[in-house]
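Pasting the structures here.
Next come two complexes, and both contain chain A; in the first it sits with chain B, in the second with chain C.
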Partner chain A sequence: MKQERPKKFGMVIDLDKCTGCGACLVACMSENNVPFKPDESDKLTSITWMRVYQLNNGKPYPETDICYLPRPCQHCEGDHGHSPCVSVCPATATDYGMETGIVSQIYTRCFGCRYCMAACPYHARYFNWWDPVWPDGMEKYLNPSVSVRMRGVVEKCSFCYHRYQTAKDKAIYQFAEGERDSTDLEEDEYQTACTQACPAGAIIFGDLNNPSHRVHQIAQPDEKHAGRPKNPKAFRLLERLGTNPKVYYLSSRDWVRRAGDNYLEGEGKLKRH
Partner chain B sequence: MSTVDEHEKDMPSEDSGGKGPPPPDPEQKNKATAYVIFFFFVGLIASLIVGWIIFPQLLYSQKEQPIDFNHALHNELVGDCASCHYFREDGTFSGVPDLWSCIDCHMDVQGEDPEEEKFVTEYVWEDREVPWLIYSKQPDCVFFSHAAHVLSGGMDCVTCHGHIGESEHSKVYQENRITGYSRDIWGRNISGFKRNSWDRMKMDDCADCHEEARDSATKDEPRAPVGRVIDNIIRVAFPGTYADNRGGSVQTQRGACFKCHK
Partner chain C sequence: MKVGRRSFLSFIIGGAAGTALSPLPWKLTDDLSIWTQMWPWTPVPKDGAVSYAGSTCTLCPAGCGINVRMVDRRAVKIEGMEGHPINDGGICILGLSGLQLLYGPTRVKSPMKRAGNRGSGRWVSISWEEALEEVAGKLTEIRAQGRPEALAVFSGKRRGTVPALLSRFMTAFGSPNFVTAASTQDSYELALHRMQGVQAAAGLDLANTDFLLSFGSGILDGWGSPVRMFKAHSALKDGGGKLVQIEPRLSNTAAKADQWISIQPGTEAALAFGLAHVIILEKRYRTQFVSEYGGEFEEFRQMVMADYTPDKVAKITGIDPKTIVTLAREFSRSSAPLAVCGKGGGDTPGSMNEFFAVHALNALVGGINRPGGIWAVPEPGDFGWPDPEMDETAARGMQQDRLDGAGAPPYVATAALPNRFFEAVAGGKGYPLDALFVVESNPCFTEPDPETVKAAFSKIPFVVSFSSFMDETAQNADLILPNHVYLERYEDVPNPAGFNRPFVGLVQPVVDPQFNTRNVGDAVIALAQGVGDPVASAFGWDGYEACLEEAYPDQWDSLTSEGYWMAEDFDPAPWPEAFETASGKFEFVPEGLQRGYVPAEIAGEKGGFPLVLTPYDTMRISSGYVGNPPFMTKTVPAEVLKGKELLVELNPQTADQLGFSEGGRAVLTTPTGAANVRVHLYDGIMPGLVAMARGLGHTAYDKYLADKGTNVNRLIGPTADPVSGLNAAWGIRAKLTRA
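Let's look at the complex of A and B:
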């Protein structure tokens, strides 16, 4: 097989642009056959691969500020692919792919011990407490590129990996027909459902290893420091845990950037001054 | 209170008149051993027959294709496989053809063949797709790409499907009663030996070929189990130094799971 340069797919989410509309959530659920129940307000049992959180700065009225934070799976790289969930899985059901940087979840392999859910600091993993039940006729609208899950297994965001698979098939076909020079994918050929659904253009997706991709240019990951963003506006969730996630957030607001980690009262300020 | 003597009297007296079991009769003992050995082998052979012949037959139900299709005949007529099994413009593979590929020739019955008549009257005229049974159907969780293998890898259909393309009759479809999968996935030979590359298409069969392809491409030695253990020790002992991403999977150092799963 050809040796291509490894890719590292990642995301940049501009929190200053996010309005919290939830279009990404809906797009994600329908794209990935995510099961739902009559009462989705019970967040203990609902499944949301992409979930929008509301943050606020905790200040009284005139200074009140809120921010919406969409949270997909962070596809942590950890130390050479030893992300928290991959390290604890006793069944090899979740894996870090070195060629794409995507953390996979093989539903048929998972037996539902939920170690990964305990290990994931981002609550990005969900357990199927019941078999999915689709409203009559809706099973005809399921996405055939994504396998449906059963009761007793864990699932999570896959960065719409099936779109990568189908995009590659198309590239191979076009290459064979002489319509393109290589089977390498262009930036816009592989995009996640949430990215395309976002009306504000707050979500940007691409290959962090590719300097021509926007995610690379915006986040400016510092390879010497486990991908830490060089862009001062960018941050990652719980950076200090060393999970080395591939989802970068952007905000011009200081309190939002600080909310990305569990800082102690006054921490950082003391050091800086 | 009874005495010991009384008890002895109660005991049925045997003709030897002695106490305890009779001295072993060598002839009888041999006979018993022979019986044990005989029944052991009878049992063994019976369970082998059950396990190797009867159970596999019970495990698979036999189904006929709705229409017996003659590949050899049609190949002569149309020339190549691609007129029925073609790639769509988005790179997906058409798979088993739909009526659209047939109606150019089969709007009316043209021969005597009862299968053709059945096909035309029951399906073409009714505008109903034939519910073909797919011998090679993989489980729902599997992503397979014909484009990667046929267009990019230049592989022949026979490598994975055998000689279906040259057959004169559709073979019987065998469905596993427990899993619902086709027998072509798990293979016919239950001892696990493969004589042809298309005998079986389990995960290991895909993976074996992928390992071979990769190793011949990178001219590396295939990673022996010992090598993998050493890799693991290095990785644990010196975290951070281990950058060998063979095969792309951190867990198995083979193909990443998401290559073939969805």
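Let's look at the complex of A and C:
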């Protein structure tokens, strides 16, 4: 078997299509055994690997405009895998996967120091302040592909890595049985739960390194400039921090693209990347 | 004893050494590490063989296909069915949360009989035999007294075999009081009936529309078939089409629309006439349709030309005249424009004046039964069942007037009037009821002014709920005969909301029943047999499954293999055959539109109530029969629900006048009720309006839902539409005072 070229799984989220309905949140919670508490209105302690923020243009009625922005883990590559959280983890509980570009989280290694949460500029990481409790009977729906987390550890979006493993296992089996030519996955063989569920089709997922994948075609990442999108409609969150994230956003509205980074008030028009 | 320095130190050191040698510090350290990583009590989900089971979702009228991922006999995830004509792989937030309903703590686990006072929450579990015997005994008693009309059924659905069985039961038993919940679908049907003379559902050919004009319909907030609407919106975006949203609040739909036009609420019909004015003035209408199939067009033309100039309409609606003209031009210039109405999620039937006006707009541009327009989709038949045999008692009972007044003047064409039903019973109008069945609905929460519903309940000595969940209505019942949850049962979902082809989705069990529950269909058949002939003879089936299969003889193969049946080659009737009105033409001015625009009135006086309260719908809160599952409540923003307190939206300018700041506590009072709320300042709402999310404020269910926020239905009573008699309340006058 020849050595496969490294993958770089990433996402493009079309904010013109995203309606803020919240299906991605629940698809994620349901797929990844994310627990819930009687009161989830304190969003600081509410675990949502995928979270949908509401942005607004700050203008009074009737010029007001709002836009929803779903935020999974951005799976930052930083500079050669030095993503903000990976760099600070003293337990190697989180690591950058050079083969996939996915930032992992190993719950049994994590001892809850929460340095990674402090380091993450996207608030994508969550701490389990309590043990998860499912009402009697509800643990029946728990997904065996994803381990249930315990009190005292940090968790976050994994780009549904277990789905990658399942797809890969299947491909290896089929290859061994002579049913396919290679163990390389097709674009639709590995998709995250949120991508699959989105009723508006606003989320696209795939390999940013693969020119035949839609994420590559839409985002047009510029490898010479740390993956910056060449598509003028596309932007990444806090681009100027140099985190080199793998989640790209599309918007036709100027104010939305501008809301993606902390521009100074007088900083002029948003520069095209 | 004197404690010297030496003895003090030796005590301390000795104590420390002793403690170190004892197990205590190690035990504490161990406990600490357990505290941080105590794993044994977190569940480890059992692994097993993975498979997928297909079915149809019933949690709303959309009829989406679902694929349930199974691990052995456990259902672990619900996903949208790829290639399904309605949702093609997509799924909404409620559909995704379905397993929390199946395995949730609020299921009614067996038939229950009330043990204390009504609503006291004291129940005893009884067997199905006892439960059915008790109900059948009560029914036999009612018939023996010769007043079968004293039985009423309130059903959340009107279409499909289960409502048909209930309706058949009522006919054979002898009661006309089969009442069904109403929505905008009913208003659309009535509009098609009055203007086109057909009995049909309104289907939207969204795939071919390039300009969607929404008069406040929450296209992206749960209106119609939500996933289908979401997909249609994304397709519009991809194809360069346009969505224009007319609404006084920047809803998610308005935010996503290409243009948001704010309007004085309740004046939508006037805007439709204003647009018609411009289209007729500039001769932008479909001449062939209007000249050949336009009934009373001249009358319509004179009306809109005289009274609905852009300037006049601007005064009514608050929209700039130039905007009206531009909108009319853009709408009529598109190759396939489509106008829709029915506010928010579509749970309130709404004003017929508005439906007529908007439907006339579609007719003007030739959108009736045309690609990209609105289609008349025939209702499914009566399943070919022979008419039930009625004895003298039944025949006499069926001749009684319905308590809700539906089907009789002035509401001849309306199938059922839920709002008037509860008013009539609560007010003691007509004859008294002895028994009420409540099926797949929760009127004590979802109907406007649930206090009236509860008052009606107090006048009915025997209330039977068939709910799967311990909801507000089940809590107020005398007996609960729990239905299977949709993932445990068979059922049909005919004509999903707004779909433009004859269609039936099949609900199939994906898991074994988790508790001692029964399909309502089976319960009804068993009850009929318990009552005996002649009622029993109308229910010759062995059980509900046999009945369902028999109801779809030609479609059954497709239903079981595909999960649905669709009339692939269906084309709507072409214009020459489309209109079954007396004139054979499209009636531009049906009864109810002669006076032109009639403001959709709401209750309350401006003096005492300077503000207007409007409910709003969001995908993240289920406001119907099914209460919000925990996952969905988790997604509700802190600007809507904080702890147990609900926040209402208020324009900062209005808040400033009233002296409110963000998060301020207030009492919201309307002519119907009052509630404690908090204020959220939102720039996207018209000054003078107060907006409140619909679907919170449950008193039943579990700690994940109960006592959170306020039920907006408690603050807004129904107003009967003069044409349909259905609830047309889009809001109510209100005031906010500091708490």
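Everything below uses one rule, namely that the second predicted complex is superposed on the first by the 265 of 273 C-alpha atoms of A that agree within 3 Å, B and C clash if a C-alpha of one lies under 4 Å from a C-alpha of the other, contacts with A are read in each partner's own complex, and residues count from 1 in each chain.
By our rule, contacts are C-beta pairs under 8 Å (C-beta built on N, C-alpha and C of every residue); 3 or more make two chains touch, one makes a residue touch a chain.
Just so it is clear, the structure is predicted and the values come from calculations on it, not from any experiment.
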| item | value |
| --- | --- |
| First, second, both or neither for A:Val153, with chain B first and chain C second | second |
| Contacts of A:Asn210 with chain B and chain C, given as first, second, both or neither | neither |
| Touched partner set for A:Pro38, first chain B, second chain C, both or neither | second |
| Partner chain(s) touched by A:Gln165 [first = chain B, second = chain C, both, neither] | first |
| First (chain B), second (chain C), both or neither touched by A:Thr195 | neither |
| Touched chain A residues, chain B compared with chain C | C |
| Chain B versus chain C as contact partner of A:Ala23, first or second or both or neither | second |
| Partner chain in contact with A:Gln74 - chain B first, chain C second, else both or neither | neither |
| On chain A, positions contacted by chain B and by chain C | 147-148 |
| Chain A-facing residues of chain B, complex | 87, 89-92, 139-141, 143, 145, 147-148, 151-152, 210, 213-214, 217-218, 235, 239-240, 242-243, 245, 248-252, 256-259, 261-262 |
| Of all residues in chain A, those that touch chain C in their complex | 16-17, 19-23, 25-27, 29-31, 33, 36, 38-43, 46, 48, 52, 54, 56, 58-62, 64-68, 111-112, 131-132, 134-144, 147-153, 193, 196-202 |
| Chain B-facing residues of chain A, complex | 1-3, 6, 79-82, 86, 89, 92, 95-100, 102, 104, 106-109, 145-148, 158, 161-162, 165-166, 168-176, 183 |
| Chain C to chain A touching residues, read off their complex | 35-39, 41-48, 71, 74-80, 87, 89-93, 96-97, 99-100, 102-105, 220, 226-227, 230-231, 233-234, 237, 250, 252-253, 255-256, 260, 262, 514, 619-620, 630-639, 641-644, 651-653, 683-687, 702-704 |
